[in-house]
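Below are two complexes that have chain A in common, paired first with chain B and then with chain C.
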Partner chain A sequence: MAEKIIFYILGAIIAIFSIMAVTSKQIIRSATYLLFVLIATAGLYLLLGYNYLFAVQIAVYAGGVMVLFIFAISFTNRPGEKVHGEVPVRKLIAGTTAAAGVVFCGYIIYRNIRKVTVLVQQYNLSPQKLGETLMGTEKYQYLLPFELISILLLACIVGAVMIARKR
Partner chain B sequence: MMLLNYSQPLELTKLIKWFDNLLRASLPEFWTLLIEFVVVALALLAVYVVVALLLIYAERKITAFFQARIGPNRAGKWGLLQSPADMIKILLKEIIKISRSDRFLFFAAPFFMIVASFATFAAIPFGQSLHAIDFNIGVLYVIAISSLGIIGVFLAGWSSNNKYSMIGAMRSGAQFVSYELSAGFALMTIVVLSGTMQFSEMIEGQRYCWNIFNGHISSLIAFVIYLISGHAETNRGPFDLPEAESELTAGYHTEYSGIMFGYYYLAEYLNMFVIASIATTVFLGGYLPFEIQGWDGFNQIMNYIPSYVWFFGKTFVLIFLSLWVRWSFPRLRIDQLLNLEWKYLLPINLLNIVLMVLLVLTGLTLKDLFGIL
Partner chain C sequence: MGDILTNFFTGTVPIEAYLGLSLIMFFCGVYGFLTRKNMLMILISVELMLNAADINFAVFNRYLYPGQLEGFYFSLFTIAIAACETAVAIAIIINIYRNLKSVEVDNLNQMKE
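Right after this comes the complex of A and B.
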């Protein structure tokens, strides 16, 4: 009962602010609306009992990525200025692509949602278990993908340093 | 548990249990929980405000002491009514609307700051059974939520339509983002030592040997680094670079007035308290009294002092330390500040984690060496 009410509130926040993020004329406001969407998503994780995912969502997306977004936006040329509308042809193409995306995602969700009858709530997912899953080498443990991603990120950092380096 | 058999007459556990049972006896589950949530939230809000008022008074008095002045002494006995009077004044002030600024972001920004600070405040264990949320990832939760405050600073700087505010916000952002790393790593060192991220388990593990003694060298380094970076995160003391009267006026909150400025002010003080209380919980045994294994008479006496007194006492010592630092060291320049973090604290911190892992794996912690529970 209470969980349903909270879920609907969070869902409404996500839906409304997602639309506002793409329709806003000012880019910094879009970023702020996106931040609300990300925080509400973290709320959904909390509702499911995924505490760890909740904290990571807040730390990485709300605290990290959004700060970078706002930093980057304030370095752009005249960040406060309103964005002009696009030409009709581009609007049409963008609209078609977006509609196709909605249909595609909707189809996948509709097909798969019927296979799941009950979503298991993971209230006792301990950090120790998560650590073993990330760093273990046995079945259902994912050391190799974890390390591969870390190499990818390292490559990104080296690339960023190369670009930003003074000649 | 045998350890808990000392008599503790002044604890609030019985009172809370009695209140819970009373509600459960007369109301269905849903309403019981609803009432309890509201009561807990109101209690936290009240504590939040009272702590802020006390801190502002304490800061003024202690600052005066360091500068050989008297401090507030007109309003009420020893100037005790000074901070309530200031609070009323700030509530009555006009909220000025800046022309040609982004109104929505301008008024939304202080709320990020205050919400982030209040949400971390809720995760602090103030005493036995005085603990609102006890996540199994408590430490991570605190680090994550406190990182939201910086968005408030950025939006304030940007939406004020003022270049001084913008530069102040940029400085504050750079400072916060870098020192957050150090604070997080210092806490992670202790997570390695205690093997859990849950605050209640962490405190329970420190009954006879606080973490700062348990991990000796490594814990001490982590403690000092946490205090430095926590101090820098709150933009205070020798690290108050976003505020520079001569070049930047008051930094990112220059354009705010009335209660909107009050939010930033409140959040700054409460962040100082939050940093001190996390340090207390993680390093100094939280609300547990100082006990020595085997000295039952001594432990009994220590246990007569209630846990919340221990908690606030330890926290106050750390706050006093932070004020001492604030008025004893000269300010750093922004490049010196970033050098300190990226060239000294961060490498030391990374080595320190490795050292702590080695200490734990080879059984060289004090608990292992002396067989303490």
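Right after this comes the complex of A and C.
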């Protein structure tokens, strides 16, 4: 009961603010709406029982990525400046594409997914299991991708500094 | 009517509700990607799409394979990769702004001045 009501509230927040994020005229508002969407997504992870994913979503997305966005916006935009959109014809084409995609995928989900749904049993993901899975090299353990991510982060830092430095 | 309301609010959340939600988020991202001219707005749209994909991974894992963690870790690593991608993209955008004094895609018709 409570779970469903929370889901509907989060779903309404996500739907409304995603639409507002892509239609808002001012870019800083758009970034703020994106922040709301990301936080509501973190709430969905909490609802699913993935507490660690919730923490990562808040820290990395709602924290780090949003700071980068706001920094870049304040660096490149003059305050109060309006965003130029596409011409109405292209907006119509884009809207039709998006609506057609929603209808098509929604039909597929409606027809197929509900046939394979199984009942969810209560399931607790302990931090101990999480740590063992992340730090092991056996089957279904993920040390290698974890280390690859660290190399990717290093390459990304070096690349970003190389691209953005003054010549 | 009362039965419908009761069914609406009791029980667990069905999987297709989560999928429909991420569907809406994804196609909002597609719409923004196609209509926006500012590169930062395009990046915001891409973030929306990535976020929708993350939700799907977590939801499929939770509902269909509750004992395993593949989708969970895929979401986790996708979040890390999205952070990298955003950092590099913003570095590129700042570099473009420095060279062209604008971040509109219309002005981007040359690779090098």
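Rule of thumb we're sticking to: the second predicted complex is superposed on the first by the 126 of 167 C-alpha atoms of A that agree within 3 Å, B and C clash if a C-alpha of one lies under 4 Å from a C-alpha of the other, contacts with A are read in each partner's own complex, and residues count from 1 in each chain.
Definition applied: contacts are C-beta pairs under 8 Å (C-beta built on N, C-alpha and C of every residue); 3 or more make two chains touch, one makes a residue touch a chain.
Everything numeric in this text was worked out from a predicted model, so none of it was measured.
Between chain B and chain C, C contacts the larger number of chain A residues.
Using the contact criterion defined above for the overlaid structures, shared-chain residue A:Val56 touches chain B and also reaches chain C.
Contact with chain B, but none with chain C, is seen for A:Pro127 once the two complexes are overlaid on the shared chain.
Looking at the shared chain after the overlay, A:Thr32 reaches chain B, while chain C stays out of its contact range. When the two complexes are overlaid on their common chain A, residue A:Leu143 makes contact with neither chain B nor chain C.
Of the two partner chains placed around the shared chain by superposition, chain B is the only one that A:Val67 touches, whereas chain C remains out of contact.
Using the contact criterion defined above for the overlaid structures, shared-chain residue A:Ala21 touches chain C, although it does not reach chain B. When the shared chain is aligned, chain B and chain C each come close enough to touch A:Met1.
In the superposed model, A:Val158 makes contact with neither chain B nor chain C. Where the contact sets of chain A with chain B and with chain C meet, they give residues 1, 52, 56, 64, 71.
Taken together, the chain B residues at the contact with chain A in this complex read 30, 33-34, 102, 104-105, 108, 135-137, 140-141, 143-145, 147-148, 150-151, 154-155, 158, 161, 166, 170, 173, 177, 196-197. By the touch rule above, chain C contacts chain A in their complex via residues 8-21, 23-32, 34-38, 40-41, 43-45, 47-48, 51, 54-55, 58-59, 62-64, 66-70, 72-73, 75-77, 79-84, 86-88, 90-95, 97, 103-104.
The touching residues of chain A, when paired with chain C in their complex, are 1, 3-5, 7, 11, 14-15, 18-19, 21-23, 27, 30-31, 34, 37-38, 41, 44-45, 47-50, 52-53, 56-57, 60-61, 64-65, 68-69, 71-73, 75-76, 83-86, 90-91, 93-95, 97-99, 101-102, 105-106, 109-110, 113-114, 116-121, 123, 125, 130, 133-134, 140, 142, 145, 149, 152-153, 156-157, 159-161, 163-164.
Residues of chain A touching chain B in their complex: 1-2, 26, 28-29, 32, 35, 51-52, 54-56, 58-59, 62-64, 66-67, 70-71, 74, 79-80, 124, 126-127.
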